[in-house]
Every structure is written in C-alpha cells, then in structure tokens.
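Here come two complexes built around chain A, the first alongside chain B, the second alongside chain C.
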Partner chain A sequence: MMLPQNSDRAQESGHLGCPGCGEALGLRLVLEIIGSNAIMVVPACCASYVDGIWPSSAARIPILHVAMGTTAAVAAGIRAALEVKGLNDTHVLAWAGGSGAFDSGLQAISSAAERNEDILYICYNNESYIDMDIHYFTSGSNRRGGGAHADHRRQRTQKNIIEIMAAHHIPYCATACVAYPDDLADKVKKALSIPGFKFMHLLSPCPTHWEIPSELSIELTRAAVETRIFPLYEVEDGTKYAISVLPGTFVPVSRFLSRQGRFANLSAEAIRQIQNRVESQWRQLQRRIELSRGGVSGQVKAKPEKQTAP
Partner chain B sequence: MKAKTVTTGSKMLLNGSQAAAHAVRAARAEVITTYPIVPQSLIAKQLLEFCSKGELQARYVSVESAHSALSTLIGASATGARTFTATSSQGLALMHEMLHWAVGDRLPIVIANVNRALGAPWSIWVDHNDSLSQRDTGWIQFYVSSCQEVFDTILQAYRLGEIVQLPVMVNLDGFYLSHTIEPTILPELAEVDAFLPPYQTEWRLDPQKPRSIGNLTSPDYYLEFRYKIQEAMDAAKAVTNDVYQEFESHFGRHYGSLDCYELEDAKTVFITYATMAQTVKHAVREMRREGKKVGLIRIRMFRPFPAENLRQLVRSSCRYIVLDRNVSFGAGGIFGQEIRAALHSQALDSGVVSITLGLGGRDVSPAMIKEIAAKYSEGEVFAGDHYWEGVRS
Partner chain C sequence: MSDKDTHLPPVNAMPPLPISQGWMGWNRTGEWRYFDPVHENHLPPCNHACPAGEDIQSFASLLVQRKFREAYDVIRESNPLPSVCGRVCNHPCAANCNRSELDDAVSIRCLERLIGDWGLKNVKTQAAVIDPDKGEIAIIGSGPAGLSAAWHLTNLQYKVTVFEASPKAGGMLRGGIPEFRLPRKTLDAEIHSLVDRGIEFRHNVRIGQDIPIDDLQRFRAILIAIGAHKPRVFDIPGSDLPGVQQGLDFLAEVNCGKRDFIEGNVAILGGNNTAIQCARAALRLGGKPTIYFRRSANEVPAFADQIEEARQEGIEITSLTAPTTIRKTGNELKLTLQRLTLGKRDSSGKRIALSIRGAHTEVTVSRVIVALGEDPDLTFLPRRIDRESWGINTGGTHQTNVGNIFAAGDCADNRRSVGSAIGAGKAAAQSIDRYLHGKTVFVESANRIVTRFADLNVAYFQRSQVVERKKIPDDRRLTSFAEVNIGLAEADALREAARCLSCGVCNSCDNCLTFCPDHAVTKQNGGYKINYDYCKGCGICIHECPRDAIHLRIKQVPR
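What follows is the complex of A and B.
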C-alpha cells in the first residue's frame, strides 16, 4: 500500500527525537493512519519529551500526559467521557514506552483489556528498560557490561506481552515495527476498524540505547524480524494467530546482536542460548498458528463423558 | 436578609453513603469509577443501582484499583465530563500520586472519601490521617458531620471546583456517618439543575482544538503553573462564600466554612471537625446547662484553610481546645498545627491546646469531652503542647 504523504502532517517537524529514533518515526506513521479525530495518552517515556517541551507539541492531536502506570486507565476515562458525550468517532490512542506497558502499567492494561475498552494501545518498545535478553542499565557505570551487574544481566528474558494480551481474549493484538511501515499501517488500520481493546507491540529502535549509528536503526530493526527475534504477527480474539510478514530467509541472531554496543559483552555461549530460545519460541508460534488454522482448542476432542449408572 | 425556606423535594431516611450517592445523581455526574473498599463500598453500590435502573445517565467504570479509579477520572474530566469516585484509607493513599496529577491538570473531580484509619495494623474504623495526609496535594477539602451535609456539600463541591478549576474531596466519617441513617432532604432535581449548571470547559481534550496537557515544563514555567494553583486556592475562599449564598437561596440551608455554637461568653472553646463535632456540641449543651461557659467552633473546610474567619472569632482571653482525630508523628495534631499557624500572626495562639484522640475508631463520648474540658480549661499552655487522651496504660 501507499503511505499517505505529508499533505496533512500528523506530526510537525521540530520534535525532540534523536536521528534514527523509532518512536518519532513510529508515531508519525501511526498518526498518519489515525488522522486528526483522535486523542492520545502518553505516560512517562521518551514520547513525554520527544513531542516537545511546553508550550510546544509536535503532534496535531490533543495529548494528555500522565503518570507512568496509568495510561490504559486514563485512556479508558477519555473513552468513557467521549461515550457519554456521543463522540464515538474519536479514536483514543494510548502510546506508551516499554516500562509504562510491561511494568507498572500492566495492571491498568489488564483491567482495560478485561473490560474491552475501545482503545488502541501501542507500546513502542525501544528496550531501554526491558531488553530483548537482558535488563539494560542506562547509567554510564553499567554500560558495556562487566562490573557488578554482568551476571544479573543475563538472568532476564523479556516477557511475552502479546501472549499476555492474547490471554485477555481482546479482539486484536499484534507486533509491528518501523522497518516494515506498510505492515504497521495495515495493522493500525485493522485495529481501528475493530471496536474494543486493541494492543500493538511496536519494536522501536533507539540508536542511543542500542549503541548503534543512527543510519543503522531501520536495518537492525529489520534484522530483528529476519532473525525471528521479533516475529511480525497478529492475534485475533486471543486465539487466531497469523504471521503477517514472513522473511524470505532466516538469519542467525548474531546479525541483530553483534552490531549493537549494548550486546558487546555477550559471549558466544550466550548468543548460542539466545539462538536456541528464538528457535524454540518460533516453534511455539508455529504451533499456535497451526492450532488457529485447525479451529483452535474447540477442535480438540473432549474426553467422552463417563457413563453414570442408571 | 433571611433566606427563603425551600420546601420542595422530599425527606428520606438515608445513611451517609446513600446521601453521597443521591448527591452524585442529582449533580448528574457523567463518569463514575469505583473500586471497593470498606467502608466506602455502599456509595459504589448505590450508584451502581442508580446507573442500572437508568436513574443516572453515567458511564460506570469498575476499575482494578483506587489508583486507576482516579486515573480514569483524570482522563474523563480532561475530556470535559463531570466525574466522581469514592474511596477510603488505603485507597486514598494509593491515589496519592494522581491526587497531585488531578490538581496539576486543574480538573474539578469530586471524591467522597469515607475516612478510615491507615494500616498497619489493619483498622476499618474512622480517623482522618488518610485525608489529612493529602493536605499538600492541592485538593479542596471539606469535613462534614451529618447526612444532609454530605448531600449538600457534594453539590457545593461541584459548583466550587468547576469555578476555580480544582478538585474537591468531601470527607465523611467511616461508619459514624457512612452507615448511620438520618432524615435527609432531597431537593427536586430541577432545583439542583438551577444551582449546578452542566459542566462546560474550554480546557479539555478536543481534536478540533488540539492542545497537550501536562507535558514536560521547563524551570522557566513550572513555578508559574504552581503559583496559579495557589491563586486558585486563594480565590476558592471567596468563591466558597458565594457558593454558600447561592446554595442557601436555592435550598434554604445555611453553610459556612466554620460553624459556631455558644461562642458569645465562652471561656473554653472546643475546635474540632467531622462527626466528633456533633458529640462535642451535645456535651457543650449539657455543660451549658451546668453553667459552664463552653463553646464550639466546627471547621468544615480544611483546604483552603479558613484562617481569616477563624481569626475573627478567636479572643486572647479564651482557652481553645483542639480535638484532632489524627496525628502528625513528631509534630502533633494536624488541625492543632493549622490553627496555631493561623492565629500566630495575631498572637492569638497562646491559648490553644492540641489533643489527639479517637484514632482507629476509638469512641469519643460526651463524658470524655466533659473530662477534657475540666482538665484543660485551666493552667498554663505552652506553644506546641500536644496531648493524647484515652491512651490505655
């Protein structure tokens, strides 16, 4: 598909994103699809300042900036007010970074998803808090691995936020990334066409935290998909899984990891373990897709009922 | 001028929780959030009933925490809806972060806080450390002492908050008021509509006029945002008096930020608040019959603190006994501190005794008030003196 050109810009120039910032690019792509009749909620995250310092705002839609854990709850309140005022055509976009969604925001997300509030929640994940494989410490002393945290850093695996959301049986959840803008646009359009709670996990490159040159941010994001570290797929109603972008060839995880300064201290053994886990997760995803095609758990034969004595 | 006595409406037997819910219905709140906590839950239950029966056209959102209850209202209020939630104790404490946020966004949200002691240890009974811990958040705070006052003050809260663009907390005592039934006059809804017009604000999230609210603000501007909140609080003092007058002209009931009883020739005056003031009033009446020159000042509005009103009432020849169902550890009773600070500039604070009592729902009886009057009416008072009454050895 053709992405809309900037005839009616969704995001003005002059935002404070760094060169190569996936958040700024991702938001522009999303806002161009959503259009002008929308309200956005942003918790504490990069977007809190990338959009601009008061009185400036780069977005062309109203934004309510809120505290870290509250995005989904606030978005639900906006939707509630729009409903009582009969303004049902207005979209509500929650736009949160990794921590606001994965960590303190998860409780409110779960509740809004359970109530199936009519919200599009997009977590743009630059992995500065919740790394692909490690918890990434942003303070200078902990960078480049080593030191007291070197062992701790390998102990965490990123939780599967899409599985968590699918378990809420929301009508739509999906992964996306800025390296595949057509796929991202298609998913946003699809999400907006469905009433209820929609969740998207957007891989958003961050040259600063990833320790990469700005010009590599799209290339490495594409590598995350090609390595299957970050598969692009969607889940409808919590059960119907489908891959949306299947890379022509699968490449080893080192293609994604080795060019990033943040992974500079990973040993060959650690990279091998990551490769194994990525393949295991890919097989799990394949099984879910097969189950979806076969009609999911409803097709699993139930055990015959025991005959009770007359 | 004597206000007209309005007789429209009906008198019903309601507990404080029901009175609160009836007020929210009469105010035509548009978005209500609830998260259960004892002893607040009766308010949520009654509102659910109103919404289910279509007697209140509101979106009723059952959220997963008190924190989200307020966060959701922040979204709704910022979109221009009239909003309400009720909470207690731990719930209010959990909301603390967003209490600040609601003020910073200048949202006229109304909360009924059913006062309950904070843990640990667990207590479900009344004291006021939950709401007084929120003193510095910038919320307007009322403390009420009857079911009628619950109803009336919630209506006043919407009127006041929407004029000065600040949120308002109406505090009522857990069980002593939330679960106690009293005759309560419910006015005709049309009369309430005349007093409280629909909430309309230009400062809302509107795609037609996009603006960002609450974004990062540099040191060049933050101070001014805060100063504006202080200005609104100062303005609230004058606006409150207008609201009381408007309220009286519509409904015939007179209110002030302070409520006085038997002050004229009093030598010893109790200063207290909430339902404890009803007990003190009863005790004062009995002591007056015994010829004792005692009186009562009940503080209804805690933020903004009615310091000017208080200074007009206080005389240097009189002993003032402040009864605090709360404590600021290491400093004393919170009303006691506020009152001393308000009186200090006129050197009127030398006769103020501050007493903490009744925490965690411990009964404060008329007999106890009489004992306190006898014990503290005489003798020297030292600045900062703070006593505890009723502590078992």
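What follows is the complex of A and C.
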C-alpha cells in the first residue's frame, strides 16, 4: 500500500463527489468509526468513482472494485480469506449504492445473509440509480423520467429493504442517515460488535438528483426523518424492533417533498397519498415495535398512537 | 502530475486486482468553489440591546464552564455594578433574546445578579494604576452614570474625583430606588469596590452651592452626571397643602429610614417608575395606595416587571384620570379627579386624552404623592453651557459646547434607565479620553450585523423552560422592606446559562467539521480552519451552523 503516511484521517479530501454529496459524507462518518483495519468492497455505483477513480482513492483503507451484483459474495470471499490468514479482527465493509443493493445485488445479499457471513453491508441510498441516468428510485414519482425502466416504475413505492433483511433473521439491521451522525456512529459501533451479517440502510442525500441547493443536503435528510418518510430504527435478530431517533415533532411530508426539484410535478392529491402511505407505514412499524416488546400477535393492547402534534 | 503526487506504485507494480490504493490529495477540488465559507462571529441580539454594552453571550458561556471570575471580569469591562443591574435594570437584553421565539427568553438578569453577587463575595477589587501625567478628572454626581464614568476613566489610568451633594454616593440608586428592589448592603458593597479601585469620593459637596463650578478648572475635564431630580411642575388648586408630597422626596425619606406609619388611602399621581415605587413603599408603610395615571393603561411608562410586581401586591392602577383639585377636610384630603377618554391621534401618533364633561370622581385620601416625572436641575451651570428644556444636548458625543465639560446620564439623555446611564458613563469616559488625546470625540458606532432568530438553525436546539427568580412570601413581602426577588441558586443559574443559544458566536459545536462532505474543516487553536484547497463551497457548514457563525464571502481570486 502506498497511502500517505502522515495521515490519521479516515478519508482524505479531494474525492470526486459533487458539492454537498451525502455518500462521501456518509462514508467518512462510517470509516471514522471502523478505523484503518478494514477492507472495503464497492460495486459499480457512485462510490466507485466518487471516492477516486481506480487506482486512486480518498479512503484510507483498500477498496476492491467489483461487478455490480457481486458485492456481498466478494465480501464473503474476503472474509473467508482473512479467516484462513488468521486476520479475524479485520472488518469487511461492503459499501453499495441503492441500485447495487436493492436490485442487481439482492441475490448475493440474500445468500450471504442466509449463510450469516461476518460482514457489514451498508447500502447508501441516494434514491438515484445514478449510474443508469437517475430514474429508478423515488418515493413516488420522478419528473425527469427517462431510461429504460422509468415508465412502469414511476408510481411505485421503494422496496422496504430492512423488512427484506429482517426476514432473513440476520443479527442486526438498521436504518441511518447522515443528518444524525451520532445515531449513525452508534449503529456502526453496535454492528461491528456483533458477529455475523449486518445490514444498514443509509439515506444519503444527492443534491444533483434531488435537485436541491447543495447546502440543503442535511436539512432535507433531517426532514425525511421528521416526516417519518425515513424513520430511524433498528432490528435485532429479525424480530426486535426499536426506534432509535424519535424526532421532537412530526412534520407533513410536503416539508420533504416540496423543496426538491425532482418532486416538482407532484399534485396535491399525490402528496396526500404519500402522506397516507407514510402514516400507514409508521403504524406498521409501531406495531412491530409493540410486538417485539413481548406482545403476541392478536393480543396486543390497542395503545393510543404515540404522536406529537406537529 | 507525477507518480510522486499521486502516491501510486509504478505501472509494473500494479496489483492484479482492481484495488484502489493511491490517494486523491492531488485533486484540488477548491477550484470548483465560487464562494468561500468563513467563520465569523456576528453580534448576539442581547449584546446589541444592552445599553451598557455588556458582552452577555460571553458571560453566559463562561458561567456554563463555571468560570465565575472570568464572567465577573467580562461584565465589569462594561459595567462596574453587576449586582445592582442584576436587580434593577429593565433588561432589554432579555426582551431581544432570540430564545423567546423558541420557548422563553434566557433570564439574563438572574445570571448577571448571580455573577455580581459572586464577585462581591469573592473578588477584592484591586486599586488601579494611576498615571499622574494623565491628569485629574472631576465628576459631578455619583449616580450610575457618574460611577460608570469614574470606573472607566480610572481603568484608563486617570485620577478621578467624584463630587456628591448627599452624604452617600449612589444618586438615584440610593435616593430613588427602595430597598425592596435594591438592598443597601448590595449598593454599598459595589460602591465600596469602586473606592477600592482608587476613585476618590467627596461627599456633601454640592457644586454651585458649596463650591462654584469654576473652582473645578484645575481638573483637565469635568463630567456633569447630576441625574434628573427636579420634579416637574404640579400646580392645581390645593397642590401646596400639607399631605401633598413629591414622589422623589417621599422615596428619599423612606430610603433614609424615615418610615412613618401611613394610614388610609394614598393617591399616587403619575405612571413612571417613581410612581410605582412610591405606591409599593406606601403599601409597606400601612397605606392603601392607588395609582392615578392620565393616559391609557398600555401607555404606563414604568418598566413592565415593576408594573407586574405592583399588581401582584394588589396595587390598583387607574388609568385615564387626571387630578383637578385637592381640598382639605379635617385630617383628610379630598382629591377630585377628572375622567378622560382617548381622542384623535396627535402628530406623534399618540392618542390625545380628552376630558369627559361632567365625569368627576372624588376620593378621600390621607396623602397625595406626586410623581409626574423629573428634569435635571441645571441652574448651577454657567450660562455659557448650552442646554435644552429637558437637559443638556450633546448629540451623542457627551461633550458640551464647552470643550472640557462633558455630560452623561439622565441630565443629558431621555432614556432614563440605570442601564443607559451606565452605558452613557462608559461612552463619556471614552469621549473624555479621546478629547484629552486631541482626537475627535465623535465615534461612529461599529456597524456589526446582529443575529436574529431567522438566522439560526433551530433543529439543533431542544425546547426547555426558563428558570426564573422567585419572590419572598407575601406576609414578609407586603409588610417589610426586605428584597422581593430572590436570586437563583447556583445550580439553577448554571442551567439557565446553558439555555443561551450563543447566537452569532461560535461555541465549537463541531457541526461544520462533522458535516463537511469534503473533510475540509479541521480544528485549530480552539477554533476551526477551512482548507480552501479542497472546500467545494457546498454551503452545508453555513446552513447547518446552529448559531449563524459561518458566513459566505465571494471567492477571492488569487492574482
């Protein structure tokens, strides 16, 4: 390795992310916790060029670039190799974009999760599918459209990747976002302390695709949590649900949607539908939390929903 | 760009796998930026509103770190009387506190009082180093303006002599403010600390009577800080009857310890602070005071907290009434009052009070206390000093038309508050210093930008309730001259200080460093340094700064 010797930083400046890039920020926050004894696997996604085009890299740890669908498989292979070499304290981080995790990489994730490979898989989701011309992920609709898959996915909801992972009964999965760095750090620490397959879904803002001024990156990510579009919670062993950040006030989804150019074409009706959907998902999440607190399905007391008026 | 720049191995040593291992430091992303974020503190609204110019944000932050001594020194840089001000100032700082738009304003008066009291207990004021070459300054009057000017001039190494007509220093603080607001012990202790500082006081000397003002010519400069003690003319039939007394005279008697029992109703005429204090003093002496005020209820000029405390004590304020005659019947006085109503607005926008024909009321009282306001008594001044009907107009420079004679406080100012007098004393001291150094006395105020609530990022602030001062129990409160307000306990004050949002002033919260996607912010010397070689100018640090301490500058293109 030929890294700058004088650096004690997890990630150097000079990466190629756009101004206000949430992925670069998220990676630094994660790497600051993981430290230098780690190997990172990155498929084709923003990170593969934001961090520096091969063979350059802003991150302080070695990065292995792999094909889009193979991230989890390669990470599992690295873990096996490390075990053979006796390097059990080296962390393996799979760092994949939304497309590589939700879509083409899902099979490899599922298999690695099923085998409970000892890796930390973090899907940083900028809701963009940037590599394929920004068209796939949105919470409801996309003004730009374009691209092969655009039309029939326009009005669909994002997959609930945490539910998919929880259904694998892996030891730990969680959502996190860059607007709550303390929560993110806590979750990474917790994940690293648990052996087995850990999955995190990290909301990382993309000013370019979200069509927002770069300085609003963090504010809108915080709005995603405050509107409950992206609740911050964790699931242990696929059953124990817990909210990790409960915002002081809940705000209407329009606070998140209306400031983004990509949602400029949403009608009032569409926003109302999204609000309803968000509330229904929130109720489901609350119910799962109640169940994991010891309640048995069907016998849960109907508690009034814990909600703070906006 | 050479291999040395990129830290890459030579081509023949490249690994067989696509493993990134160079670095990106060669990529100076600062070139992308078209404006610069800059750490730069703005002015907190409390500091901006403080007439004495205290650095309130600073002492609150020092208090949180339990640095009492440093906090005391910060206040005393502007104000020698923190214990007094913590009790009697109307605290425009709190009225401008940005926190009031989030939940409740920080109780700055309690913090000031705590620090002031701590200083009186723990700090022995050291005598200032006096430079004999700088000459002597005379100050006429030892009210807040005179004391403040004396303090600041002493700090500037002048020898200062303060002339006071009464036996004790303090001016309006002693004569005009009763003990239930400001205990004598506190006032004496703070004045004593000024004596310790090396200020000379000459009591019982009334300039113009005991010494002519021209005898002060041996001083290099003279500051007139005589306050406003001459009651406004009150001339209605019966106004000269025994039992009719001026408010300031009544307060002076009470404050000297002459506390005769008052029986029956007492009518207080006027709505200023003197009127309210007279009513509260009369109540404690056994009387049943009612305040009669000729304008409407929301135009009462007294401080809001004074009005509130008077109301709590059961004192009634009857607005829109004007006295017409006073008659004596037996041992009692009959006061006739004219009911008024509000008419059209005058040129200043105030609604004129008009008499309602035939609407008279008569009240039987044992005493009438008149508090219609005060003006400075300038008769002792030589003719050559220009004056207006309300006092000496210095146009904000504190210098009169006679070069070495200056004026400050209530006699040269219409604001009429302890805080503004202390601020004026400080400004006058600076003017005198500039004058004696041959500079122009007019100083243009620094045009600093004030941080308002809209400039803050409130996502980082939790709501919390104010910890306010308490009052003594009613049975003691209404029958004695014991101080009404109890200061905060130390733990409560520290909690209250922690509520300060530090508007406009960086307090090293690390948000800029944490959220920089380009790792361009680093800590340096207790502050932050932005590496402009890599800052892309995304603006996140500016937007996520909770307290508006990072600002945008147009990028300077290197030549």
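In the analysis below, the second predicted complex is superposed on the first by the 260 of 310 C-alpha atoms of A that agree within 3 Å, B and C clash if a C-alpha of one lies under 4 Å from a C-alpha of the other, contacts with A are read in each partner's own complex, and residues count from 1 in each chain.
Note that a contact is a pair of C-beta atoms (placed from the backbone, for glycine too) under 8 Å apart; a residue touches a chain by one contact, two chains touch by 3 or more.
Note that the coordinates shown come from a computational prediction; the quantities given were computed from them, not determined experimentally.
**Q** If you stack the two complexes on chain A, which partner ends up touching A:65: first (chain B), second (chain C), both, or neither?
**A** both
**Q** Scan A:215 for contacts with chain B and chain C and give back first, second, both or neither.
**A** It touches chain C, and chain B stays clear.
**Q** Between chain B (first) and chain C (second), which does A:85 come into contact with in this model arrangement: first, second, both, or neither?
**A** After superposition on chain A, A:85 lies in contact with chain B alone.
**Q** Between chain B (first) and chain C (second), which, if any, makes contact with A:57: first, second, both or neither?
**A** both
**Q** Going by the contact rule set out at the top, does A:108 touch chain B (first), chain C (second), both, or neither?
**A** Once the two structures are laid over each other on A, A:108 reaches chain B alone.
**Q** When the two structures are overlaid on chain A, which partner does A:75 contact: first (chain B), second (chain C), both, or neither?
**A** first
**Q** After the superposition on A, what does A:37 contact: first (chain B), second (chain C), both or neither?
**A** first
**Q** Mind working out whether A:272 is in touch with chain B, chain C, both or neither, as first, second, both or neither?
**A** Neither partner.
**Q** Residue by residue on chain A, keep only those touching chain B in one complex and chain C in the other, then list them.
**A** Correct list for chain A: 51-52, 54-55, 57, 59, 62-66.
**Q** Any idea which chain A residues touch chain B in the complex?
**A** Interface residues on chain A, with respect to chain B: 36-39, 41, 48-49, 51-55, 57, 59-67, 69-70, 73-85, 90, 107-108, 110-111, 114-115.
**Q** What does chain A use to touch chain C in their complex?
**A** 1-4, 9, 11-22, 24-25, 28-29, 51-52, 54-59, 62-66, 178, 181, 207, 213-219, 222, 248
**Q** So in the complex, the part of chain B that touches chain A is made up of which residues?
**A** Its residues touching chain A are 30-31, 33, 57-59, 61-65, 67-68, 71-81, 83, 97-98, 101, 105, 205-207, 209-218, 221.
**Q** Spell out the part of chain C that touches chain A in their complex, as residue ranges.
**A** 6-9, 14, 17-29, 32-33, 457, 459, 462-463, 514-520, 531, 533-534, 536-540, 542-544
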